[in-house]
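Naming follows writing order (A, B and C), and every chain is counted from residue 1.
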Amino acid sequence: MTEILRLENVSKSFGGNRAVNDVSFSLEEGEIIGLIGPNGAGKTTLVNLITGVHPLSAGKVIFAGEDVSRQQAFQAARRGLARTFQIVQPFPKMTVLENVAAGALFGGGTGSVEDALDLAHEELKFVGLDAVADTPASSLALPNRKRLELAKSLAMRPKFLLLDEVNAGLNASEIDGALDLIRKIAARGVTILIIEHLMKVVLSISQRILVLHHGELIAQGDPRTVIEDPQVVEAYLGSKFAARVKAESHHA
Amino acid sequence: MKQFLYFGAFALWVALIAATPLLADNYTIRIAISIAMFSAMAVSWNFIGGFTGYPSFSTAAFFGLGCYAGALAQRNGIPLVMAWVFATLFVAVFAAMLGAIILRLKGHYFAIGSIAIVDLTRLITSSWGSLTGGGDGLNVPLLQGSPQEVSALVLYVMLAILIVAFLTSIYVDRSRLGFGLKCISQNEDAADMVGVNTTSFKIVAYTLSAVFCGAVGAVYASWVGYIDPTDSFSILLTLKVPVMVLLGGAGTLLGPVLGAGVFVMLEEVFWANFLEWNRAILGGIIVFLIFFLPNGLLKIQYRTLYGALVQKLRSAPKQAEKSS
Amino acid sequence: MDIIQILLNGIVLGSLYACIAIGFSLVWGVLNIINMLHGSFIILGGYLAFFAWQYSGVNPVFLLPIIAALLFGLGYLLQYFFINKVVMSPVLTTLTLTFGLDMILYNLMTVFFTATPRRVTLDLGTINLGDMYLPVDRLMGMGLALFLTALLFLVMRASKIGRAIVAVRMDRQAATLMGIRVNNVYAITFGIGAFMAGAAGVIFSMVFPITTNLTGTFLGKAFVICVIGGLGSVPGALIGGIALGLIESFAGYTIGPQNATTVGFVLMLFLLIVRPTGLVGVKGYE
């Protein structure tokens, strides 16, 4: 197994507020990693640091062996570090197809606009949006907007995909659909880091879990160990929940 | 198909303007020059204001710098055409360097910053008397030839600038660059996230919005033979050009040309007939434009309009019957 | 020239500048609109003062409330019937609209009042303190400007409408839910902006000759002061105004009056780049 992403003592302060504090970890290629933590724990900020949206206050980000601590957002995209936004960010007046083509053309480094549109078609089929390819992105309902975000990121040919709460706001069956899709993406060899509040979802999909609390990484490891970690139970899960999950996983 | 339509309509329009020296009097040629020159500036502005969606109001700074750079180059012995080229390049470099600084601003702050550039360039030109002649202005070497020849020459040069600007806009519209600019105009953060180098794309758009204005300015200075800071760096000009683009349809290819043509002709009519109220009437047009044509002439739903009209006409006779 | 004299001139000028900019800053901060009419409002106030004074002989200080009230009405109507319709549009639209309205107002002024420079001459003499020299009309202008600034500060702080404006500024939607009529508040805010502009014009007409050619200059000052002082706060505009007055006064002395304005603009651009929220950057209304 080869390492794809490593964070070394990464910190970020906004004014006096330490949103991310001295976080270090290393991720393997091909994994699906869950990132959990209470609201305001610094999850989104961490994604922003990895993808060059915010400059680091301290520490290093190593992606595929290269120090990318000083990269800008567009450079991250071109390197194969794609992400979705917690609040979906389409190009509202463009068609769904053009939205995805933008990912292919710039992040994916496709040569011409035509090629980008072709590739966009494929990705739309992959996520199941080909029927609405020519409608404006603004007309999509939330589940499809989330899929559009995914298609856009995939068109960027990412090596690493960071998904910030892609399931938030979806109902149970929509979530199942989204999870199938995420597994399909992982099967393409893309490493995935997924931020998710629903523990059931995280546990079902992640091979490894990172837990952030007050900007600090308080636990990491395989799902079973992490949810039994007393610190995690205290900070995030609550003891009742932990007991329930434990019971459920014993039955299964 | 659509592309051909654009080319065709544009070519016809240019041909018509180009024919004025053969067909019409000097007054008409002067209007034709105005149309060509404002069209070129409007097409130029469309790169930053239309495609990229940045509310730039620095057109007059580019125009004015073009005027002065061309005039000064000529006064220092550089031959006419070289002086025009020099002015164009000078303005392009100026815009690229300025863009790297002020394009970090967004929205209202960018708007204010870009207007301030006009004020600033005017103030500096006025106070740098040893170079620019200050508030007294500057005489520019006159073009050789009879008045007819001179206006025909100016017209053709302006048209050439317009054609280059227009072709550039068609090219940009279909290219990666144009695609990226449209992404920026709709959601700059998302554009960044998909890998658009937003900083450099914006600088290119801003430079394109300047370069043709610089060229137009240089030629304009040679045509009128005298320039001064107030005229060259006029706030009125800096707002008129965006209004023309809005009038035609921002972000479209033909909109700026259409808008500039309509605006210049309207303005001409008002100058001729209501000299005293010219400015108020133009203001009235702007207000009308904002409320009734927010997307410009090109984006009117003509079909819907036609349908509504037909329906009205059909129902009108019936009503007339009833009332009689 | 004595440094204290320069300082005093700067403060006098700066108080007038603050008065010019406050209305502009309020409108920008609350309505998110760059009001291109602002310069013309100031000149309109000045012209009205001049002609009313010429006709009646009444000291413009006493005419000020009437003229400012007239401008309030004009501003209220413009906002209520025109600008409110596009108040949520992008800056390109709103700025263009106010510019169009400005062209109309400007034209009306040049036709009815002509562009001849006008000045109310009260001949109040000067005060000499040691070797310092201060015209009384300027001192009076400064006093009036500071008085109006303080008045607006109190209105924003203590009155019901002031609180409503603050509420709308902070969160338009929440304010609507609280039963505030946002369009009315916007119109009042714009009216207050015009009121302050008109008042500033009256004061200016007693201190300097004014003409329609100055609309752009005043507008430019308002830009600079807003960027120095931050948006929508009375203290911010006051600090910005005085800062600009001092800067221009010192620049005029050191590198010549013709360059003073340039310095202001350069400073503004510099500040825009390094601190786009303004130096004072107060959140909410203070």
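Assume contacts are C-beta pairs under 8 Å (C-beta built on N, C-alpha and C of every residue); 3 or more make two chains touch, one makes a residue touch a chain.
Treat the numbers as computed from the prediction; the structure is a model and nothing was measured.
J.: Find the most central chain, measuring centrality by the gap between its CA centroid and the centroid of all protein CA atoms shown.
T.: Per-chain C-alpha centroids ranked by distance to the global centroid put B first.
J.: From the centre of chain B, which other chain's Cα mean sits the farthest off?
T.: It is A.
J.: Centroid of chain A to centroid of chain B, CA atoms only: how many Å?
T.: Those two chain centres are 44 Å apart.
J.: How far is the middle of chain B from the middle of chain C, if each middle is the mean of its Cα atoms, in Å?
T.: 32
J.: Distance from the CA centroid of chain A to that of chain C, rounded to the nearest Å?
T.: So the centroids are 50 Å from each other.
J.: For the complex, which residues does chain B have touching chain A?
T.: Residues of chain B touching chain A: 174-176, 179-180, 182-183, 186-187, 189-198.
J.: Could you list, by residue number, the parts of chain B that touch chain C in their complex?
T.: 49, 53, 55, 57, 101-102, 104-105, 107-109, 111-113, 115-117, 119-120, 123-124, 126-127, 235, 239, 242-243, 246, 276-280, 282-287, 289-291, 294
J.: Chain B touches which residues of chain C in the complex?
T.: Chain C reaches chain B through residues 28, 32, 34, 82, 85-86, 89-93, 95-97, 99-104, 106-108, 110-111, 216, 220, 223-224, 226-227, 256, 258-259, 261-262, 265-266, 268-269, 272-273, 276.
J.: For the complex, give me every residue of chain A touching chain B.
T.: 51, 53, 72-74, 77-78, 82-83, 85, 89-94, 98, 101-103, 105-109, 112-113, 116, 152, 156
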